[in-house]
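When the chains are written out, they are named A, B, C and D in that same order, and each has its own residue count from 1.
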Amino acid sequence: MFGLDKKDTTLLLVVATLTILAPFLLNPFPTASGMAQFNAGYPDLMQRFVIFGIFAIGFNILFGLTGYLSFGHAAFLGVGSYAAVWMFKLFTYNVIPAIIMAVIIAGIFSLLIGFISLRRSGIYFSILTLAFAQMSFALAYSVLSNPKFNLTNGETGLQVYADDPQRFHHDGLPDLPHLFGLSMRSTYTMDVGAWSFDFNAGYYLCAAIMLGVFYLAVRIFRSPFGMMLRAVKSNQTRLNYTGLNTRPYTLAAFVISGMYAGLAGGLLAAMDPLAGAERMQWTASGEVVLMTILGGAGTLIGPILGAGFIKYFENIFSKINDNVLHQWFSFMPDGIENFMVFIVHPFVGKGWHLTLGILFMLVVIFLPGGLVDGGQRIGKWLRSRRGQKEDKTSGTTTPAE
Amino acid sequence: MDGFLLQILNGLDKGSAYALIALGLTLIFGTLGVVNFAHGALFMIGAFCAVTLQRFLSLSYTVEDPTQKDFLGNPLKVETPYVESWFGPEVGSTIIDWSVPLAILLAIPVMVFLGLVMERGLIKHFYKRPHADQILVTFGLAIVLQEIIKYYFGANPIQTPAPDALSGVANVGAIVGMELLYPVWRIVYFCFAVLIIFGVFAFLQFTTFGMVVRAGMADRETVGLLGINIDRRFAIMFGVAAAVAGLAGVMYGPINPPNYHMGMDFLVLSFVVVVVGGMGSLPGAVLAGFMLGILESFASTTWATTTIPGINQIIIYLVAIIVLLARPRGLMGRKGVMED
Amino acid sequence: MSKSEVTRRGVLKTGAVAGAGLAVPTIFTASSAAAYTNEPTGGTVTLGFNVPQTGPYADEGNDELLAQQLAVEHLNGEGDGGCLNTFTSKALKGNGILGKKVTFVTGDTQTKSDAARASAKSMIEKDGAIMINGGSSSGVAVAVQGLCQDAGVIFMAGLTHANDTTGKDRKANGFRHFFNAYMSGAALAPVLANEMGKDRRAYHLTADYNWGWTQEESIVASTEALGWETVNTVKTPLASTDFSSYIAPVLNSGADVLVLNHYGGNMVNSLTNAIQFGLLDKVVNGKDFKIVVPLYSELMAAGAGENIKGVLGSMNYNWQLQNEGSKQFVKSFGEKYGKPPSNSAQTCYAQTLLYADACERAGTFNPCGVVEALEGFEFDGLGNGKTLYRADDHQCFKDVLVVRGAQNPTNAYDTLEIVEITPVEQVSYAPNHPMFGGDEATLGSCNSGA
Amino acid sequence: MGILEVKDVGIRFGGLQALSNVNLSVAENTVHAIIGPNGAGKSTLLNCFVGKLIPDTGSVMFDGQSVLGRAPYEINQMGISRVFQTPEIFGDLTVLENMMIPCFAKRDGAFELNALPNMMKQKDIVERAEQVLEEMNMADKRHEHAAAMSRGDKRRLEIGMCLSQEPRLLLLDEPTAGMARADTNNTIDLLKEIRDRGNITIAIIEHDMHVVFSLAERITVLAQGTPLVEDTPENIKGHPKVREAYLGESA
């Protein structure tokens, strides 16, 4: 289907099903239960899952295929966000032109940076991209937000003000980003017994776009172009002596992944019309690197898993405070309850960084191929168990013959 | 003119910290081929060795003084450090006063030990893994180390003042017959950095151990074939690199009070320094450290910022870009190192 | 058997505490049956405390969180009741708010406007928080305030000092108890003139972002009005850790006062560097060199250690204030946590009580009702003395403290001493003051999310 | 006039004169071997043909056009393919994919505008790659991971990858170095087959005399960066200068 082989079609369908059903899957616990803390099915976080999924998918096209490790991709995300918010400010709250503009501007920006950075490879390339991104961040944070020429609005973040022109905005349209009148924030809440599920317009827009770009990524991975990029990673020497000028290919990959980042940035702004400079900082670039490696660089689904994993920690674990802990362990006798809270306390709430750091180490030590590798190992283990069982049954039948 | 000289001094001072961190980073990279994102954390832990020693020396017993009240109106608990009661107030307070230089003695074994444990326990298993994996695992380690420090010492900076005798300003211009006041401790820091750098170079240049390590850096396999246990030597070099970063941290405390994220603040910069100097080149790291320090200082003068607005924010990165485009392997990089 | 019984007890207990979950968060939904965003329908009401828990301001955030928890206790009638005893409004009875027990959720702003909005959204969308309180930077405050306006919940700002929060970025759903840069300037200037004379030459080092600029603008304006001359204003990158290259030029600039428009780690380092370079020992233009830090906090004072001795600055609140509300608050806070409260803790505590009180007086949690109850509200007994929540811009007007680093502190907590309590009249300004967005700045109208 | 004409080539590395006054002519559709002791400059010379090094003096002409100053990929597009001392293949890719890359390069290597819409098309490439694999007797290995194969198979694959582009000149850099005897013989047979198929020029650098004498039609002996003699294998075998410079040393 869609020009994909059977395995990829299945993967695409699985991803599609999961994203469509996400409001159910991410809210497995009844709203009033103590476990509700672990629910992630509220609009903002679901949006973040898919948006950062897009970001990581795009990053993986560059890093996973060519092996070029960019430490500056957050700059393209940030540029995309700024472009989108400027579209809101100048023209209309409709998200379509904003998203298109975000992708275009990020594409141009990544073409410029990629053209220069790709003159070098290895860690030199990484540092060049890092340098460009840090420069962009510094400029956005202060220099370009001075009162005379305010392009970014600095630390507060670029936002839409009532006195902005918004030329095509008129009464009757929501005063928030919308898709031809459908506000990105409109949410339908379905109560089923003790459960509650949110269906958010913005989330489904992001999910649809993510499925589209995921499909595109699968096609790129499977095309001769994708193969060529993998060849770059595998053996650049051979490629040079094979009559191929690798630079246009790597540059194309760089720009494509930059446009993915811009798309993610545009969507972030479309869900919440504010563009902060911090999303361009090197830590944000590092985050997408970690997402990709954590999930499994070079795999199709890995980056999405990695993105979900990190965003889940950031948003769920950081909110578990001592009060919540006491609730969890309240069934225990007081002494043990306090002890348990004492044990768990350093790892949640303000300690979520610690848990994340430990998990990075555990994953990379025990699962060299990231989470996807872990999944494959579990699959293999299950199959081998099943195999053993069959062996046993066959073993018991053999002597009878 | 004084302004110019002052900025040179400032640059040398900043450069000292950059150079020391980059030196360790390059040692680890050059010997082990490992990209160590936890190196900033080692610098930070060094600084916290000084904090720990200062806390330890200031351990106090408390006596309630009914004549004074605390903020709730209860009798004030007056704290007296044990060292003051054992050695008398004068000697005791002098010991506390000198806690930062004394912390060097604590930091060397602690950092070497930490470096060895890190290498044997974790990094060793990552030699053959892609650089991306090394980055992920050392970054994870950096976060963990940082959070542990934050858990015990808080997020707020902690003052670790220089000894009274070494604080204040000195007239460094006296030699050339002009007035040029500069903080004593910063001069100490610069001299200390130069000493360490020379120490490391001498160690590599003039000891058999160092010669083997240098040979191993150039061609690991051949040295391995000669029946030399190069791995153990490299592990020790990791310990040395950790100690260099740690010492840089200990002595940095009086310049700017340590906090748990100071390592991350330096990490990106020191990577830029290493790459500008040329991956794997020790003299390159030192040269680039001082060069970037001085450039950064000059970029922050009013003259520079009015000529090019925002130059002080981007100078380091701008220089990195220019150097890498003009000289593909950095200032003194070797061919073929880390190019793919 | 016994195991399942234990579990059941747990569920019951949990159910009682987390009853707020029954109030299904139906945020941003026009079609919702609720009259306003997150209308509490069960026996509890949920407040959202959004403070930095990671990053350089984690300790400040922790202090805010402690104060907020204390406020919740007092609202629910637990503990000693704290400032409910001294608050001039007697609407709060210690039985929660409008009879509903107060619960809270927490989030981590990371001192980044993006992350702060994400955690605020999560508290609104997922946990059904009806009010967001806290924060330790103006960027975060403005970003979260905008979000709360859109979402239809109330934002009670924590520590935010930039003029913009209640200036050009003011919002109908947002309220600031903390003072601002203009007030710092207005309060400091007379004291500076008094202590240092009217013919000083000032050199400004300013953190290169929005808050730094507004503070510099305010201080420059108020000191120049007194006759001071501004020699130079230099912007320093926020990411700077070593300020030596900015301090060195001060020596030969002919300035005799250094103003550090820095906050947090920036201020600790720049002050430490300035002392290192021996600035305070210098005599310039025949006068002793002085350093001013317009915005002080206890944590900064702790971080800067001995370097703050004799350095002047301003604060929103200090635990050494001797009014009844302050004494009561310090007692409650000190007995519970073993240390006196910081000024950001006090602001968050007061904001939580003020919100609760406004709900009681309005008789509803509806944000528009709360806004109406808070606008023009005059009160006392929360620690700052007589205070007015001005209707035009939702800024509190109260006395401002001018403080100085103590020469001989007796313990870790009295490192700052109060020099003067500048009366509120001296720090007031017109709502359409040019530094506050002029005539164009408007609150807009309150949004209840319905 | 040979297909590869080398005139007065010289190159210096610091104090070392690696090549000087190299004159060489490789005739079309022959096998020409370049031999010489270690450090004679064989690999340096080869690197000058493919664009990795640019000589300080002299010229290298391929089919009447200079190769100097061109990037390796451009030289490849002129019709020169290179086989490395250690097989350079794409270890992470399958055998079939390895074979597809040079076919792809042949089609879109120049990356002109038509390459963009072509990026997704691969039918013709797969067909061509399958065909070459068939010719190389490797069709049964097509889904194997290239890195997992034996040295001999890797070499066979690499040669196949070069041949798939139908080069006019094939450069071989010690193609049997480090190989077991059986693999060496297989490789020799393969190269003979290619030679006998005709319509290709082969230049080979080799240490192993067995390989050289079973393949080459002409041999150039290089010593200390200069050609010593050039002749047929039979004459080279008995040449006293060669014995002195080369065989004497290695014996």
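In the analysis below, a contact is a pair of C-beta atoms (placed from the backbone, for glycine too) under 8 Å apart; a residue touches a chain by one contact, two chains touch by 3 or more.
Keep in mind the model is a prediction, meaning the values are calculated, not measured.
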Chain closest to the middle [Cα centroid of all protein chains]: A
Greatest separation from chain B - chain, by CA centre: D
Most contacted chain pair (by C-beta pair count): A-C
Inter-centroid spacing, chain D versus chain C (mean Cα positions, whole Å): 74
Intercentroid distance (Cα basis), chain C paired with chain A, Å: 34
Chain A-chain D separation of Cα centroids, rounded to whole Å: 46
Whole-Å separation of chain centres (CA-atom averages), chain A against chain B: 34
Per-residue multi-chain contacts in chain D, two or more chains: none
Junction residues of chain A - those touching two or more other chains: 138, 142-143, 353
Shared-contact residues (touching 2 or more other chains) in chain B: 313
Every chain pair meeting the contact rule: A-B, A-C, A-D, B-C
Complex contacts: residues of chain D adjacent to chain A: 50, 71-74, 76-77, 81-82, 84, 88-93, 97, 100-102, 104-106, 109-111, 115, 118-122, 125, 161, 165
Chain A to chain C touching residues, read off their complex: 31-34, 36, 39, 42-45, 48, 138, 141-143, 145, 147, 153-157, 159, 162-163, 176, 183, 185-189, 191, 196, 198, 272, 274, 276, 278-279, 314-315, 318-319, 321, 323, 327-328, 330-331, 349-350, 352-353
Chain A-touching residues of chain B, taken from the complex the two chains share: 35, 122, 125, 129, 131-133, 135-137, 139-144, 146-148, 151, 268, 271-272, 275, 279, 309-310, 313-314, 316-318, 320-321, 324-325, 328-330, 338-340
Chain D-touching residues of chain A, taken from the complex the two chains share: 219, 223-225, 227-228, 230-231, 233-235, 237-246, 248-249
List of chain C residues in touch with chain B within their complex: 55-59, 208, 232, 234-237, 239, 241-242, 244-246, 248-249, 251-252, 265, 268-269, 272-273, 276-278, 281, 299, 302-307, 319-320, 330-331, 334-335, 340, 410-411, 413-414
